[in-house]
Structures are given as structure tokens and as C-alpha cells.
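Each of the two complexes below includes chain A, the first together with chain B, the second together with chain C.
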Partner chain A sequence: MSTKFIKSKFWVEDIKEEMMAEVPISVVEPWQKDKELKYVGKPESRKDAYDKVSGTAEYTFDKSFSQIAVAKTLRSPYPNAVIKKIDVSEAIKNKNVLGILTPDNCKDNDWYSGTSKLLDKKVRYNGDEIACIVAETEQDAEEALRLIKIEYEILPHVTDLEKAKLDTAAKINDHELKPREYNRGNLEEGLKEADIIVEDKFSTSVAVHNPLEPHCSVVKWDGEKLLVFDSTQGIWAVRDTVASQLGIPASNVRVIKKYMGGGFGGKLECGKYTVMAALLSKKIGRPVKIVLDRKEMNQAVGNRPSSVQELKIGAKKDGSITAISHNAYGTAGAFPGSAGCSWPARSLYKCPNMKLVDTTYYINAGKDRPFRAPGHVQGTFAFESIIDEAAEKLGMDPIEFRVKNFTAVDPDWNGPYTSKLLREAYIAGADKIRWKENRKKAGFGGGIVKTGYGMASQIWWGGGAPPSYAILKLNWDGSAELVSGTQDIGTGTYTILAQIVAEVLEIPTRKINVVLGDTGVCPFGAMSGGSMTAPSVGPAARDAAEKMLSKLKSAAAAILELSEDKLEYSEGVFSSKDDRSKTADFSKLFGHFREGVLVTQGAREANPEGYAINTFGAQFAKVDVNTLTGKVCVKHVVAAHDIGRVLNRKTLNNQFHGGIMMGLGFALLEERVIDNYTGKLLTTNLLDYKLPTIIETPEIDVIIVSEEDNKVNNIGAKGIGEPAMIPTAGAIANAVYNAIGVRIKDLPITPDKVLNALASKNN
Partner chain B sequence: MKNFKYIQPKSLSEVKKYFSDNHSVLYAGGTDVLGLVKKEVYNYENMIDLKSVPDLDKVEEVKGKGLKIGALVKISEIAESEIIKNKYTALSDAAQKVASPQIRNMATLGGNICQRPRCWYYRDDYACLRKDGDYCYAEEGENKYHAVIGGSPCFIVHPSDTAVALMALDAVFNIFDGNAEREVPISEFFVQPDEDVYLENILKPYEVLTSVFIPEQKNKVSRFIKFAERDVWDFAMASVAVKVEKNGNKITGGKIILGGVAPIPWYDEKINKGISGLTLDEKSIDEFSKLALQDAEPLSKNGYKITLARNLIKMILSEI
Partner chain C sequence: MIQISFILNGKKVKLETDENRRLIDILREDFSLTGTKEGCSIGECGACTIIMNKLAVNSCLVLAGQLIDSEILTIEGVSENGKLNVLQENFLKYGAVQCGYCTPGMIMSIYALLLKNNNPADEEIKEAIAGNLCRCTGYKQIIDAARATADTDMITDLSQ
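Moving on to the complex of A and B:
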């Protein structure tokens, strides 16, 4: 047997997962450092670039069928209420209204860890789902929703985090949210040992994913079988949730996702809308499409929780940190979720004594979902801010202070890292932005526009893990098809997988078709989250390709009547090392086979035992702060990271540019605003929820300090989607302080806060 | 969104007949009014498209007198016009700062002046004062973007950038009431909420702003400066338009209008009294700017606007 089962343990999005995985027993050797690769690492354009740019790429949003009907959801206008009566009689009068779901149809459909239903008579936030109507057109459905008459018993609500902490706050959910506490050494002792102590309080706003493509599904029944097109980062999660919600075998549900306009974590789980569309479609016997509008996307499909972080750090005169205390609280909405953000404090530096507490409170608002490096983005901002404060108090350069507290082992359990080139990242980044020459004392200099430099570090998981599988089919003409149940959510997965196969089989990427995102035809592949995809699926693809090469080699040996070690392979042709005239190319090989296709299956190998697998990096920001308007303008960001091997320079840069812009938005612009009096959401569109635009884009330099991390997996790569965003906000915030000499501790750093801070500094 | 009828009148005099009841609205570029119906702020039954009325989209120089800009002229055309840039710079500056390139290509000058407020309560399903409710949600709610002066009982800020510039330039509006055209100076066009909380200007629903006349600005220089959180696709947190006559580095006369701080483009008495005679040096400008918004009554979250507006005055005067 060439595979075995293991219990695979890995970190994904702040949660330690355990999954049974089938892994290869004999592991493919990683490419060595000096091996020149022909495809992997090259800046290949995306395989789907033409389709996307020309508009021929069909997104879920574009999908349609003849006879398709459209569903729309009725959402609660109140933040906390009980529905006493629902009268749908007027709504269903119109002949164009085809079907309706209300809480009465959904009694068995548990949602939110069993604390609610798919449609519930208790509504806990403005936007909570109440009913869903399917009609001939979107307009018919919308009009019908308006005709549903509901009698509510309105309950007191709380949307303000500080009020939610009070014992007197309205009860929102019976499920108890327990604080998460982590202790190492003895905090009090550590603080006693310290020569200096800095203490501060930071906060961050709720941020919303807002991908360009809305959350949407198109569903169609074929007898007992259900076809689901979904804009999702996890086809298996959607399949399994839909199957269990509908009480049908998983094998009857086929989920397909081909092109996607972004997710950022907000599409990792199955949405209520998909299940509602499937139920309605079954009811009316027609395909159904459901698309959320921008308001619904801001209300109901996840967010990054808010945080208030009280931090205290003790350090000795020589700069060594003796103690860290991090007391954080935040809200993840009205249902069980987590606002935890203490991981950076726990893992970035060496520190013998610490106490970290994360507490989550309910408010009457939409539930959180993983959002590009959950917890780490807000945690890193605050922690790297106080690290700068400590460095300043000690009179040390921020980088020097960080290097002083560098840890070569995972401080949690003292295990070694597979690789950690954080110091190299500091050097490369500082060099590029000319840190030493450019960075002045905080608030230095006069003038209206003040320039500042800041930096922050990053740690994340992202090494990938089994299980992930890939099937490779090689055709008689030397073209191949790689099939895996992961998805390309816009990151370039189609392209890098083709590059990996091309590297092994030495055939051009244009001859490799990559099929992803279809539970009906693909073996299981990683979800597109946690920076897991490339380092989980990539090695499986390589394993499949290597198996194919062995298969071909053995065939060639048989046909040429030579032993395998006498054969050489290059670009589709086997030849005898001793006699160059003896060759066998694909057509020759396939001419001797009965089948026109050869098939192999590859699997992601087990992670190495006894190592911590992480990504590291540092980002450096140059900002201009206009002291008359309070505007922060980011001029330059240098990102220097250790992420193992670069698989494709173009898609890597894309990820970094996107991540940095998202970090910039989080630092300077984005904020979900709820009106506390009514408990309703105010930022329901992209004018009021301010995403950064192209005009805010700074000069960006991406430096990769790692060549490969061959302990991690057979392609030596780690994930980059999340690392790209984690340190940006911290670097910008530190740069703003460096520019104006006052620290803005509450994100986003908007002009009003800067003006107010400057005013109080001058008084 | 509810269904509506789309009507293309062939002449100005035809417009009024579609307003026999209260369910019609004028439609120019549609960038604002479509948003209003989509969000169901209003459920208009008829959209009367002014684009089908001829001759409303002309820019005409009237020799020695000034410039007449048709209400249907696109904001992008104004932003690109050399004449406007050279002679009526404040308007050119303002047009360039409106929204985003895509919107400027659709939006018209008349629509920009007559666009409805952006208060986020008003634009969503809150039955606030301006929508016939009995409560202003912003007054004690999320009012970071709201008015610091002239607000009560409704604290919107006027959203138009061009209106601020046009006020500094003493524009005159030509209005067609269904029978005849009349001239209204811009200073009499906008309406404060204490006068009428439902409308932002004097127009009756069927009245058409046909053109804007800007008198010749001999010996005068004008500028407009806007500040928003985003440099594009965002409304002003505050803006300033100035028009001055200078003798050396002394201002001999002029006007300053503030945007983003009040429900109408704001003429601040104190600062306008003080402008004549101002010497354009740093210290005098600094002192002068403090005259602005002395009577402001900021709400809980918008006090920064006073500093911001004063700083913008400093910035614009030091560049003029």
C-alpha cells in the first residue's frame, strides 16, 4: 500500500483542526535550492486571465437557466424582537409569486450552533432572516416581501460593546461565551523584573469583507439530485451543510464554483441563502437564483469582530521583554463566535511571563466570519504598537528591540520552526525603505505635511496540511488534466497548479487543464482559506505528477526493453542514456496502451513531526500626514516576508497588493457603523462603508527573503493570502505616530481623530 | 425598487403636465434620483427625463457679461472646459472633485445642484423629519458627517460641490415654472431646514432649473478646495470656495463660501465681513481663519469640522 492514514493536526483561522488524512508513505523529495526550475516560480500570466478580462468567464452571479426563478429574503428591521404572527396571505396572491419559506417551514433547520434556526421567530439583529420568497422576477419577489405582515414584540437591544459588557445588558443568546485565557510563567513576577513598563489601550472597528462579487447561489434539481452553483471558498462545506439541512445524502448534492469575485473568508461557510434557495427550488420544481444585495452583504454574511485591547509590557533595560499582559474584548455579533486576537502577543516574541485573556460579548448584530487572518490583523496592530512604545521608552530602535526579542523556537512549546527568516525580512525591508536614513524622531520637523516611517512584524500559520488530493489524467497527445476539490477564488490556484504539473512532466502549462471547485468530479481539496490552498493542494498535484512520471517511465522501459535506470526523460520524450536513437514519446507510449488516458492520484504528505510551521514577515510604511486636514496618505509600503518558495511572482504580487490595500483600508477607512439608538446598520453601501480605491494605492514593494522551506512540503511553499495583510495596519499606525508624535490608538485612523489628537497635543 | 414610468418630454412646456399629482420627479443624469428610488427613499411613479428637452446642454459665453451653462451640461464637460478653468476656476476645481469619473460622465450641473442629501438615515429606512417622521436620528446619533451650523431641526449638509463654488461666483439660476422663466440669485435658491425641512431649495417639483449664469469675473481670482476621507468617490467633510480681488498681497474684496458644514452652501457673516483688507501673510491668514464658524454648534461627533473648515480657509488663501 502506498498510502496510510494519519490524524492531521493543523491551525486554520485561529482554530486547531484535527482531520483524518490519507497521506503518501513514500514522500516526494522537495526541489533542492540549486535546482533550476522551468515553470515553478515564473511570472506566468493567469490561465483564466483572458476569460476574465474579456468577460467570457461565467461567475456564479452570471449563471442562469431557462425557467429560472428568483428568491429574495425578508430581513428583520429590528435588532431584537420576537415574531408573534406572520401573515403571508397578501404576499402570495400575486400569480408571479411561486413559493415562500417562513419559520414555520424551518423548524428542524438549526443554525448558528443550534442557537437559532434557518428562519427563526426570534430575530436577533437588523438583517436577521425571517422569510424567503421565490418569484418570477426579482421585482416580483421584492414586492411580495413588502406584503408580508408581521406582528413583532420588540425587545430591548444592545449594539454598543461597552453597554453589552454590563450585567444589565439585554440578554441576546443563551449560549454562554467563555473567556479564553492563556498563561505562561508568572505575569506578576515578570512585571517585577522589568525596568520599564508600558501600558496602553487600543481598539479596532468591525470590518466587513465586501468582496466585489456578492454572495450568491444558483440551484437546480435533477430528480433527487441537487446541483448548486455557489460563490464559495469551500465547496465541501456547502455540500455537507446543504445535504444535512435538506436531509439528503451528500452524494446527491453537487456543488460547483468556477470563477469567483473574492471572498476573503466571508464565503468559507455555507450561507442560509443557499439552503433557502435549495428548499424553494425543490418546492416549485424550477431552478432558483438568489443574490444578496450590498446591504445584505454588510448586514448578514460576516465581519471581522471589533476589539478593545488593554496591553501591558515589561522589559529590562537591555531590551528583553519580561512580561506581557493582553486583555482583549470585542464582539462577534448575536451568535456564538470569537473576537479573540491575542495570538500575536503569544507568539511573535520571546517572553517568559504572560497572561492573555480574550473575551467575546454578544451584541445585536450580524455574526462574525473568518476575515483574512482572523484576530491577527487587529491583534498585530495593537501589539506592534505597544512594542514600538516600549522600544521608544527604552530608547531603542524598533527593529533593534524586535531583534533583541527574536525567538528561534515557538515560544508556546519550544519546538523549532521549519524556517524563520524574520530577521532577514527586517534587514531587507529596512534597507529598501532606507529606514536608518529616513526615519526621524517621532513628531520631528515642522511643516504642514509630516512624513513618518513605521514598521510591524507578522506571524501566521499557512504551511498547509493534509488532507488534499489531486487526480492527474494524461492524454495520448501529451495534454493533461489536473482535478482537485479545492477552489480558485481569484488567487491564481488554477495557474500555480498547472505550473507544478508542468515542472514535473516538462510539458507547457497551456497543455494542462486544471479542474477545481466541483464536488461531483473532484477528490477532496483544501478550502480556500487560512492561506492553506497552495501549500496543501500544490504538493498533492506534484505527488500526482511524480506518480505519472514513474508510471510513464516504467511503460517506456517496458516498450524500449531497457531498465528504468537506463532511461532519461526530457520534455515528453524518454530516451536511452546509452543509445540516443532509442526514444519513446507520448504518442509512441500511448500507441502501445489500450486506454487513451493514464490516471494517477496524488495526496498531500504529512507535515513534519516536531516542528512549528509558520510564515513570517515585516512591513514598512512611509506616510504623509497633513496636519491641517488630518489626512493620512500612505506613500510607500515595503513588504518583506518569509513564505517559503515563490510559486508565481505575478500571483504572489497580486496577493500582496490586495492584502496591503485591505490592511490600508482597515487602518485608515473602513468601519461598520451601527446606530445604537435604533440598533440598525448605517453603513449599508460602498459609499458609507469606505473601501480604499485605486487612488489610495501607495507604491508597493514586495521582497521575498525565503528561497524555499523544504521541511514543510514537497514544493517548499507556504501560503501568502493572509500574511500579506497582517502587519499593514500596525506599520501604518506606527508610521503615523512617527510623523506627528501622537498615537492614534483607535482604528480606523480617520481625519477627525487625527485633528482631534493634534488639537489635544497642542493644548 | 418599485416600477416607474419613464417619460421623455419634447419641450420644457410639456414638463409640467406630468406633475398633476405628487408622484413625478425630474430626471437628468439619473445618478442621484435612481439611487433614491432604488433605496425607496421615494417611490416616484414617473421619471421625467430632461435629456429629451432640446438645448439644455449648451455652454455659451455672453460677451462682456459672463457664462451661461445649461443645466444638462455634464459635470465632466465642466471639469474639462478651458474657459471655465481660466475664468471661473472655482467651478472648474469643484467639478473636478465631484464623485468619480464615471459619475461625472453621467451627472449634470442641474442635477448636481438639485441632488438630495446624503444623510445616511435619510437614505435608508428611517422615518426621520425630512421624510415626514418626527425625529432627527442624526442629532444625537451618528453625526460625524453632519452640519455644525444652520442645522436645526435637520442636520444635513448640502452635498453639492459645484453649488459651493457657484455661490462664491454669485451665480444666477434660470428657472422655468411651466409658463415662464425667471432669474433667481443663488443666494436666494437654497432653503434651510428651519424654513422647510422637506426641501433643500425653492423649486416646486415641476420647476426646471434650465441654466446657470455666472457673471464675468473681471480682475477676480477664484478657487475651490475640498476635503473628503477618500480622494475620489466621496462627499466633502468640508470645502471652501473663495473669490477675491487683490491689490498686491492685500485682498480688496471677495467672498468665501463653506461647503460640507451646513444644510446649504454656507455664507459665514463674520469671515465675509473680514475678508476685505486682509493681508495675505501667514499670521494674518491664521487669525482671519478663526473668524469662521464662530457661531457653530457642533454635534457630538462633528466638532472637528470647525478646525477642518478653518484650516481649509488657510490652505486656500495661502495658495491664492
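Moving on to the complex of A and C:
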């Protein structure tokens, strides 16, 4: 037995997971800091870049089959209603309409933790699924949807968070969500000890993922077997949901994801559309494609919950924080979800006394889904804003105040971190943006356009965990194939896995093919979320490659009739340490084998016991605020982070630039708007829901202060997808305050809010 | 139904189709040119950008009737015999690609710019792709790739 089972415990997207994992007993040592690596860390171009720049990359959106039919969904125009009667007789008259699913003929399957059905007669938001029609063309399906006659009993609704808190609010579910409370020490005592207390209230909008490729699936039955192409971050979640929804063996469902146009958390779970398409496809005996339009994307497939955050901090004159109170509430839509956002307050600084309460209220709107650092993005904005307020009240520099409250251990349970270079990040970032020279007192500058500087810190998990497995196949010609059931959603997984295998086997990455995203051929691999992928699957790939090297060495020793310790290996060739003429390359080795391919399986090792595993960083922003128009222009962002080892500088830069731009969008532009009177979504397209463009792009510098983390896993790397975005909005908000001397406490910071704030300051 | 003929990626094509069909659907469905992507369907995201009569346009906003006698270039027409064009090479080299869904549209917008201006200022590059949304990568590397291409002799490459 070279593996054993353990109970793997890890944090993913704010939830503590515990699952059994098969891990290697003999653990591969991480590469030493001073070891010069040939492939890992190098800025290799993406393995999939040719396909993407040439237009040949086939996304799920591009997938088609002969005889394919198109499905479209009918969604509720009302935010809260009960369907009394559905009449489809007109809709199915057109011969091009092939099939229809309604609550009347659809399986009565539970959805949203049993609070709803796949198709439910109670609809709880504008956009809730009612029926699904499959037809020859999209136009046929859309026309047929309009002919469905429905009798609704319209119920009172609530879409306003403040109203949802009241006892008089319309009832959406037969239960309320329980608040989450965290206590450490004694808050009241901590506040009594404090020399200064600051108190403030912040809020953030609901933001929507809006990946460029819409959510879509293409399904095809082959007898009892179902093939699903899905734009997904989690092929296993889709496979298992589809199998259980359809009541068929999981082995009969094969989910494939090749190329995918973004996810950001919204595509981690299986959508109703995939299940509906599979049911309709079975019914009509033809392949079916279902694609959500941009309105559906904004209504029905997830969002970042809103937040209202009441914060209070007590500190002594010397700067040490004595107490933190965080009372947060928000909405995660009409079904069970979480608007919790107090993690940064819990974990960023040393503080003996705190009380944190997170409450989630139902409203008649689409359900939340994890969105790039759930809770942390909105939580960090508010918490790092009030940290700045406390620093100002104490007359301390914001960085000095943060350093004063630095904690070398996880403040929750006092365990050491595998690494924490947050102070180094402060120094590197401050140096790059010339913090000391440039940052003036808040509101100091004259003129119409005022410049300000701000910063914010970041904490997240991201160390990865088992289970994740990889199979490596080495061919007779020295080429190799790495197979793992994770996904590359654009982040560069194909590329970094090839680099890791290349490093161990000393063969060029162009000879390594990486196969991901296929439940039919891959062993289980991590979902593409939680900044988990690289640090979970990367070590499994290395383990598989090291096992391959051992296997080859054993074969070479037998063929050369030497003991293994007399052999050395370099770039595909084993040679005798004593006699250089005795060599065996791949072709010589394989000449002695019956098979033309050798296979090993690697597994992600267990995480180290007794350590907290986190990523850290700080971002610094320079902004210009036009005091006449209220427009905020971000001029420069410096990101300095501790993320362990850099696997590929080029793909790392992509992740950081993208994360910072998404953080900038959250800070300044993005906001889902629902009309509270009708309960209808107003931001139904990319004109009304504003994404940042090149025009908003600031100068960006990315500094990695860590060389490696030699405790975290065998590649010394941590995830970066979420850390890249977490502190951006907080840094921008603090910079806006520094520019104009008045704090905007509600995101996004739109021109109207800036102008109103300036007006109230001047009065 | 109307009969139309136009030049598609250098070849004359004929087609009988409904007047109200969008160019993006004609490209993807009738010619299997799926490199042109759809993101928003209202001309906001630029994922479906192609070059029509030497100008970058959103193919979701062009109807069949407008195609008559036009010259259309899609991402598939940019590379030849599987060999990438210098602009595509630079997207690879400068890491201007992440999920890649916006990439064909980005390339077509920059390509159109370089067709009329082989030495654009950075501001002109920014303006050329101001209508192309990217949700993954941000835009810095895309400017780098465009800049590097403008600094080479891409224009001779294009005119071949």
C-alpha cells in the first residue's frame, strides 16, 4: 500500500469541508528554495493559447451535433406567485415544437436544499423557472414560450433588504435563516479597555458574475448513457447532480468541459438548465442545446449577496486593537444561501475580544452563488475602511496601525501559519507606490481633481487539500499525458500542470499533453474554485511524475544491471555514475517493454497538521477624484502578495490583473438593480450592468513577496484567483477618502454618491 | 428569403437566407465559423467582433441584407494554413489570453485598427477595444500585444 485514507479538512469558499481522501504515505519533499527550476516558475505561454487566438477552441457554446434541438426556459415575470394553471395547448401546436417540461409533467425533484423543485408551482423571483420548451430552432422555442398561458395567484413580494428584515415582510419560505455568531473573549470588556472607539456602517451592492461565455449545456443520449458538455467549474458536481436528478447511475453520465469562457464561482454547481435539457433530450430522442441569454444570466445563476455592515473597533493609544464588533446582514435571494462577510474581521489582526454576527434574509430575487472570494470582498472593504478610520483617530499611519496589530498565529486558535509574509507585502507595496512620499493628509490637495492613496490587506485560504488525483502516461517516444478530473476555466491549469511534470521528468512542456475536464476518463480532481485548483492538483501531478521517475529508474537499473543508487538521470537519459558509456534513454527502456506506455497515479498529499494555511497580501491604490463630476479614476494599483511559489509568471499576471479589474468594477461600477415596486430585475444586460473596460484600466504592478511555502504542499504553491481580488475595493475606497476627505461607505462609489458626500461635507 | 453573395475570408460565397438573420448566426451556423463568439447579443461586449469592409463591427448587430457585396473577415481568416498571424502570436507571447472567449473579438478590433493605422498611439489602441469586454484578464496584456504588433511590420503581413 503506497496510499492511505485520511479525513481531509479544509476551507473552501467560507465553508469548512471534511471529506475522505486517499493520500500518498511517502510524501515528496517540496523543491528547496535555492534549487534552480527549469520549468516551474517560468513565464511559459499557455498550452491552450493557439486554440484560443486562432478561433479553433471549441467552447460548450460552440458545441453542436447533427439533429440538435434547442431548448429555452420560461421564467416567472412576477417576483412571488403561485401558478394555478398552465395551458400549453397553443404552444405545442407548432410542429417545430418538439417537447415541453412543466411542473405538471416534470419529475417532482427537490432543488435548493429541498426548499424548491426543479420546476415549482410556487415561483419566488422574477426569473424563476416555470417551463422549458425544446424546438427545432431557438426562434421556434421562444415563440412557443410566449404561447403558454398561465394563471397566477400573485403574492406580495419583498426585494428591499431593509423591508425584508421586518416582521411584516412577505413570507418567502416557511423558515428564516439562522444568524451565524462568533465570539472571542468579551466584547464589552474589550471596549471598556479601549482609549478610542470608532463606529461606522457600510454597505455593498449585489454583484453578478457575468462571465463572457453564458451558462450553457449540450446533452446527447446514447441509449442509457448520457453525454453532457457543460460550461462548468465542477464536472463531478454536474455529473452527480444530473445522475441523481434523473435517477440513473453516475457511471452513465459523462460530463465534459474543454474550453470555457469564465466562471468566477457562478459555474461551480449544476444548473437546472442542464437537467431540463437532459430530460427533454431523452423525451425527444435527439441532442439538445440550452444556452442562457444575458437576462437569464443576471436573473438566475447566482450573485454576490449584498451587505450592510455595522462595525465598531476599540483600540488603545499605542494602537493595539482591544475589541471588534461586526454586525452584518445581507440577502442571498429567495433560497438558502449565505450573505456572511465577517471573516476578515475575525482573522486579519490580533484582537482578544470580538463579537461577529452574520444574518441572511430572504428576498424575492435569484439565489446567491459563490463569487470570487465569497464574503471576503465585501467584508474586507468595510473592515479595512474602519481600520483606516481607527488609524486616523489614533493619528497613526494606516500601515503602522496594521503592523501594530499583526498576528503571527491564527487568532482563532493560535496555530502557526505555514507562512505569512504580510508585513513584507506592506513594505514592498508601500515602496512601489511611494506611500510615504505621496500620501498626504485626507482631503489635502487643492484643485478640481484630487489625488488620494489608500491600501487594504488580504487574507484567504487557498492552500488546497486532498482529494485530488492525477494519472500520468509516459509514451515510448518520451512524450507524456497527464490526466486529471479538474478543469482549466481559463486560469492556466493546463499549462502549470505540464510545467510541473516537465520539471520532474526533465522533458519539454511541448511534449506533455494535459487532459482535464472529463468524468469519463479522468480520476477525481479539485473543482475550479476557492483558489484550490493549483495547490490541490499540482502536487498530485508532481506525485505522479515522481512515481514515474522511480518506475523508470527501477527499469533502467534492471536493464543496465546496476543498482539504482549507481544511476543518475538527466533529460530522459539514465546513466551510470561510474561509467558514462552505460546509458539508457526512453527508447532503449521502452525497447525492453511489451507496452508502449507506462502509467502511474499520483495523489495530493495530506495537509500539514497543526498549521493554519492562508494567503496574504496588500493592495495599494492611487485614485483621482473629480470634485465637479464626482467621477473616480483609478490611476495605479500595486498588488503585493504572499502566495507561496509562483508556478508561471505569465498566468499569474493574468489572474492578478483580472482580479484587480473585477475588484475595481465592484468598487466603482457594478450593481444589480431590482425595481422594488414590481420586483423586476432592471439590470438585465451588459449595458445596464457595468463591467470595467480598458478605459477604466489603471497601471498595475504585481509583486510576489514569497519565494515558496515549504510546508504547504510538495510544489510550495498556494492559489491566487481570489487573493487577487479581495483587497482591491477596500484600497480604492480608502484612496477615495484620502483624496476628498469624506468617506463613501456604500459600494459602488458612483459619481452621485461622491457629489452628495462632497456637498454634505461642505455644508 | 433573400439571395446574397459576399466575400468571406477571401472567398466569394452565396447564400439564400431569411432577411432577419444576424451575421453572427450566419457565420456560426451556415459556415461553422464558431471562432466568432456571442456574449451579450446587444453590441455591448464585442465578443462577436468581425471586420466588415475593413471596419470592426459587432456581428450580432448586422443583418443578412446588409451583407450584400460586402467583404467579411473573421478570426478564422486571420491565420493562414494554420499559421498564426503576428498579432495572434503576440497575444500568445504577451499573455493576452485567459479564458479566451473575448480573444477573437479583441483580435479583430485591433486588426481593424492596424489596417488603417499601422502606428497607433496607446490611446488609439484603447479606443479600438473600448467596446470589447474582458472579464478574466484585464486589459494591460492586450495593449502590450497590440503595441508590439504595431511596432513590427504587421501591415505588410496584413496586405498579403
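We take it that the second predicted complex is superposed on the first by the 761 of 763 C-alpha atoms of A that agree within 3 Å, B and C clash if a C-alpha of one lies under 4 Å from a C-alpha of the other, contacts with A are read in each partner's own complex, and residues count from 1 in each chain.
Please note the rule applied: a residue touches a chain if its C-beta (ideal position, glycine included) is under 8 Å from a C-beta of that chain, and two chains touch if they have at least 3 such contacts.
As the structure is a prediction and not an experimental result, all values here were calculated from the model.
Once both complexes are superposed via chain A, do chain B and chain C end up clashing or fitting?
They fit: once the shared chain is superposed, the two partners occupy separate space.
Figure out whether A:E605 sits in contact with chain B (first) or chain C (second), or with both, or with neither.
A:E605 sits against neither chain B nor chain C.
On the A-aligned overlay, A:G490 touches which partner chain: chain B = first, chain C = second, or both, or neither?
In the superposed model, A:G490 contacts chain C only, not chain B.
Thinking of the overlay built on chain A, is A:A759 touched by chain B (first), by chain C (second), by both, or by neither?
first
Kindly classify A:T693 by the partners it touches after superposition: chain B alone (first), chain C alone (second), both, or neither?
After superposition on chain A, A:T693 lies in contact with both partners, chain B and chain C.
Does chain B (first) or chain C (second) touch A:L682, or do both, or does neither?
After superposing on A, A:L682 lies in contact with chain B but is clear of chain C.
Using the superposition described at the top, determine whether chain B or chain C touches more residues of chain A.
Chain A has more residues touched by C than by the other partner.
Of the two partner chains, chain B (first) and chain C (second), which one does A:D120 touch, if any: first, second, both, or neither?
So A:D120 meets neither chain B nor chain C here.
Working from the superposed arrangement, determine the closest approach of chain B to chain C, counting only CA atoms, in whole Å.
Value for chain B versus chain C, nearest C-alpha atoms: 5 Å.
Once the complexes are superposed, what residues of chain A are shared between the chain B interface and the chain C interface?
687, 693, 695
Within their complex, state which residues of chain A touch chain C.
Answer in residue numbers: 43, 45-46, 48-59, 61-62, 210-214, 259-262, 264, 293-294, 489-492, 650-651, 653-655, 657-658, 660-662, 685-687, 691, 693-695, 697, 700.
If we count contacts the way the header does, which residues on chain C are in touch with chain A in the complex?
Result: residues 28, 33-42, 44-45, 47, 74-76, 78-79, 82, 84, 88-89, 91-93, 95, 97-104, 107, 126, 129-143 of chain C touch chain A.
Can you name the residues of chain B that touch chain A in the complex?
Checking each residue of chain B against chain A gives 1-3, 118, 120-121, 124-126, 137, 140-142, 144, 227, 229-235, 237, 301-304, 307-308, 311-312, 314-315.
Report the residues of chain A in contact with chain B in the complex, numbered from low to high.
Going through chain A, the ones touching chain B are 77, 139, 142-143, 448, 628-631, 669, 673, 675-678, 680, 682-684, 687-688, 690, 692-693, 695-696, 750-752, 755-756, 759.
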